[in-house]
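Below you'll find the structure I mean.
Every chain is named by a letter (A, B, C and D) in the order it is written, and numbering of its residues begins at 1.
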């Protein structure tokens, strides 16, 4: 199967057939950071990979008419819409790509699925477990009608991590003992950084936990092929009050402390847990680790070998083969840029690295393949729900003296492909 | 000035004007590895950066009609041509982008300039100094008519190297003492790797020296803002005979050794030299450094500080500030992904790295800015000629017992921007 | 004050006084791994550092007469004893250095202190909190008589960590947010590794937690200058049964599984916690992290900067100064080999690194200075007791569903020197 | 054979024989930096390794009576001498260890050999080829009488480099293509660093070339098992005048520039060359590479694999095995601390690294084994002479326009053990 970059497609291949491919009309909701990244993905996927359907960037949707028109021009969407329901209703849209904040995911995704569209939804799947459950139900119903749904955990498509998954699945690590994942950033280290919407619970749902924790919980489960059975957690908000955004920019500072407001999400979270197999797992997310910009670091230790990865060096995977003679063994730094590596056959020669945005190109590629084949793409909405359940258990444990809190079991195992 | 990524442009900026920009029609000759990379550049530059002219991918040219049509479809060129003279003659082409092998650069570039087109020409500028001189003359004449010419030393546009240039130019390194550059690859390490055209002098002009050496000579001169005054060199072809390509694939192996042919270019070259200021420079290029995929490594040592860089980790620049207290000094690993870094304001948040191909996006961006402003883009054809002169001196020194061989001085200093 | 390597002493200094120094007779109990390391410390300290008292290696003690005589010869002790009470009673012994397993520490240390001797006791201070408390009481009584007691957390004397402590104490990191420490080894990764005494609770007290956890709890508290207020923990024994040592060597393998025995200590422990200031702390110890040999890794994140360290590269400390301009900031790799660094003035020129055993030389040096000055050396027995209390809280939390478990507060803060 | 750390000896072994070993009386000339390091070696070797002869530190020699007495006390030598001829004449000295500057090596070494003593002589062997030739002749004559001579290229005894030699000798790298060695320091980067004796030709003979170049030429030849056939070189003195040492310290600064003197040795040297087999070699030595403290870096590229090493991380060796499947290959970081590694069985558990000074312990160990066995130790005086010839060729090439200059062939190949 062709899903996780394992197919044969090449960038500079001698023959692309003369007969045009069928198209897949894409409509995107939201056009900020994620919208820009997804646009790069849709614009590029068919230029690099041999796709069974040709993505067509039909329309982008946003509330501000002038801004969404400018975004359409900038990012290459044919038309602009200001009402997501109108976007969903378009005949030239077969896939709805949801890049809005989490509080609108459920409504848009369910409506789109019910309207007979495929859906790609940014992570986290939703802001609550209940919403996520409703989305999974909608996806299950849609699946019977032939519509597919995928959640955008794009880091699964970093070639080094897709290759890590292969090594684990092939048994090169043996029985897993430890999973160790951190996601460290530092953009709110300064206590004077303003109270942006991401720091308010009513808008963002959660802080570092929902934003960064969703990624690493998904990766831990995906890479190991196991679910987390339970967790124990601490969360913390170090800076309790921050300047209101206007105040920070000197526009509206008021007397009597009116220029500050309370931070209502976590700055950081620590949690530990057990995988279904009994392996131990350790997690840390933070936005105040001075000097760490995007340090999503993973280490897996198994009885036969270990892997380590750092998103700040995303073209590299370190692998230790414990079955080798001790005198010549050690962590080897694999440059994941060989044609044998996932997705790489279509790109550049060895050593010519990829970047962050390529994960969105790979996501688009894999989703198009899944739609053409009619197979359910992963991560599915059920995968997204499982992540939400873990995050909910983390919050519950943190509220209850870090007590070990079981996670409701998921019906489906993480992808083994 | 807006050339090397120093302008203000942002990816997600609030306002893109409603009035459409003027366009710049691009015609590309050649569509293999470099053609694919340039296509990515042209397709993306205007989506990420605010450009004063909108590039239009008018036509691509190649000799095989079916193949060039497929390439046009794949890479997003509106039309296909099979004769480069026809491409040059098109009214909708204002810029000719030359991605063919070096032996055709001079003819196409000179014709395009004389036809009133701007020209972007892949490196190396030409296969001989004489050709390069003719190209510079053509560029000088064209300049008077308003046509601009640029050579594609894309690594100048790696953000880390553009930032390195800024640090040097700002005096942070002080008087330079050492420049140390290697470009190590390993793709012909296996003696059974076949005798592809890049290993035959009549086609490729030179081996590792012309291919890899051109890059590092340009970078050494660009980063230091100085020219090489002279060189002393050794070159070597370790594997004198290789299987003919057909033979290697079992298609045409003949008896009596007819299945092998002589390698007529270098596998590796070592050279040392002096910069105009007296700093020492050391260079090494090779295609047989097992395990090194794209190890373009640079170190600069000055009286006040040092820089080091490795293309295999292209989002990082290491900087040592020698004016700091010894106890807390050391090489710092700068993740060159901050909005303050060249080109980065338009891309992703800190820590979300770029890849190899982005150099071509930046090259397209800078060239469009230069054309709009009417200022000469760098690296100019004169810069390319100067690199050719250094490579010619390397070959001459290698032929004469490594004797120190002066390089003819260039009239223009490397860019200081 | 002269304790943590901050004094002025130099290896090759021009003048060593002609008048001989007073001596300090040392008697050591135990001569295995730790005994060998301590012997290197005592033999070398006075050769490298200018000490106020000259250590004399008076006698070593062990139960096997022939073996202890051989050890005395090998390691340079003047005489051998077979009864530790006899060693303590010797007139030529003023300092008793205890290198036995933890279950004998309390008895020997208390007896030695009561006999009027100074004591250096290997870590962990004891196998139980009750024993440790008795030792602290004995140390307090002895202190009034002028005898000093120290516990051997030697990693405080790695120059990079002593320097890290200085940077924290000087405020370079600002308010601390995170402490992240792991100690990863892999020597029992193979399930067929035999059931040595360290894997049986009756002998070792604890597994990775007591052995490795004691080090990292002490370092976390020492480096931050704060105590842990509470912890939440998971522990695990992955391999429940192992071959009996004889069986493993083929000497006594019996039928019917008689060749295996139960592992009664932990293989690994994960714990999280809060420092007194509210900073979050994360800990992991394991003996089954394939490929990690001695990976004691520490990271501290503060509002003004961060530090990171890896014992596998013990001459390096990485420091990020968050007050610097973003474009040139990053983790700098400080080679902690400058004369300005702790202990280094007495050693080799910059860049000529030290090794593991030098921590014992520094420990000996600092203890001799403290004894000469009559000041209490750190880490004191009270420091050791505090570590035991943390480990006890970890075990209690692990037994109670990872519930957050407060640690009894210590009367004395970690050293700020 | 037992020479390069390959024997079986263990630190904590159960039995050391009761019968005392025969002794080897050592007399050392010079007691500065190298003398301190050698003293550590002699003091420690027999404590860690099982030696066939027990070294006895009989006497140290220096011209200043008070200073040499203090040095004897400090470093553990039984007696002090002020005349090296008296030292050589002592009956209790069988081995003379020469740690003086290079200009006195020949006289002392030849006299010691003629007096029937074994000799260990610091590198470089001598200041001139003629002196070195006389020393080789003396060593050859002495050898017939049973006296042995060794030159102190201690870096051969870094365990990682001793292991690298094993990997090369065992064929793991295949046919060598490239040797790349730098030795970068920065201690005279500041132009105001004073004119110490090491910067005056009449005292030091040469600058970075003789001091650092001797090490890397020896290592390149030793690791490859081949001699350099010829070289091409550039040398440079960047700072032509420096403050006189007194002036720099404010003691004697005079008007009219009288406070400065000319630097008469090189600051840096670049040279390239060919090994006997045709492999290319690249060398760089400098004392002005800001931020590099002791960066002796080596890379070897062969048809089957590559090795890289950095003395600033001396416990690590990086190895790429080119015969492995490309997708999982990469440079592995071997922690050279396993009992299977050279010298390590006698030291600490895996991951507990060694330091710079341990090379002198290993040197002492290997020399004692060679003396006990009566076999010629390596590096021999002939090895030292060969290095001098290479350095002389470098200087000659630098004087003659970098012309490729053959090196007189040596009669004996570098050690293959």
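Please note the rule applied: contacts are C-beta pairs under 8 Å (C-beta built on N, C-alpha and C of every residue); 3 or more make two chains touch, one makes a residue touch a chain.
Here's who's who by UniProt: A, B, C, D = Gfo/Idh/MocA family oxidoreductase.
Here the structure is a predicted model, which is why all the values come from computation and not from measurement.
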Chain hops separating chain D from chain B, counting only touching neighbours: 1
Chain whose average C-alpha position is farthest from chain A's own: D
Distance between the centres, which are taken as Cα means, of chain C and chain B, whole angstrom: 54
Inter-centroid spacing, chain C versus chain A (mean Cα positions, whole Å): 42
Chain centre separation (chain C, chain D; CA means) in Å: 34
Chain A: positions in contact with at least two other chains: 292, 320, 329-331, 335
Of chain B, residues touching chain C in the complex: 163, 167, 319-321, 325-335, 338, 340-341, 350
Sites on chain C touched by chain A in the complex: 177-178, 180, 182, 184, 186, 189-191, 232, 234, 236, 238, 267-268, 270-274, 278, 280, 282, 284, 286, 288-292, 299, 301-306, 320, 322, 329-331, 397, 401-404
Contacting residues of chain D [partner chain C, same complex]: 11-12, 14-16, 18, 32-33, 36-37, 39-40, 43-44, 47, 66-67, 69-71, 73-76, 185, 187, 292-295, 311-316, 335, 337, 348-358
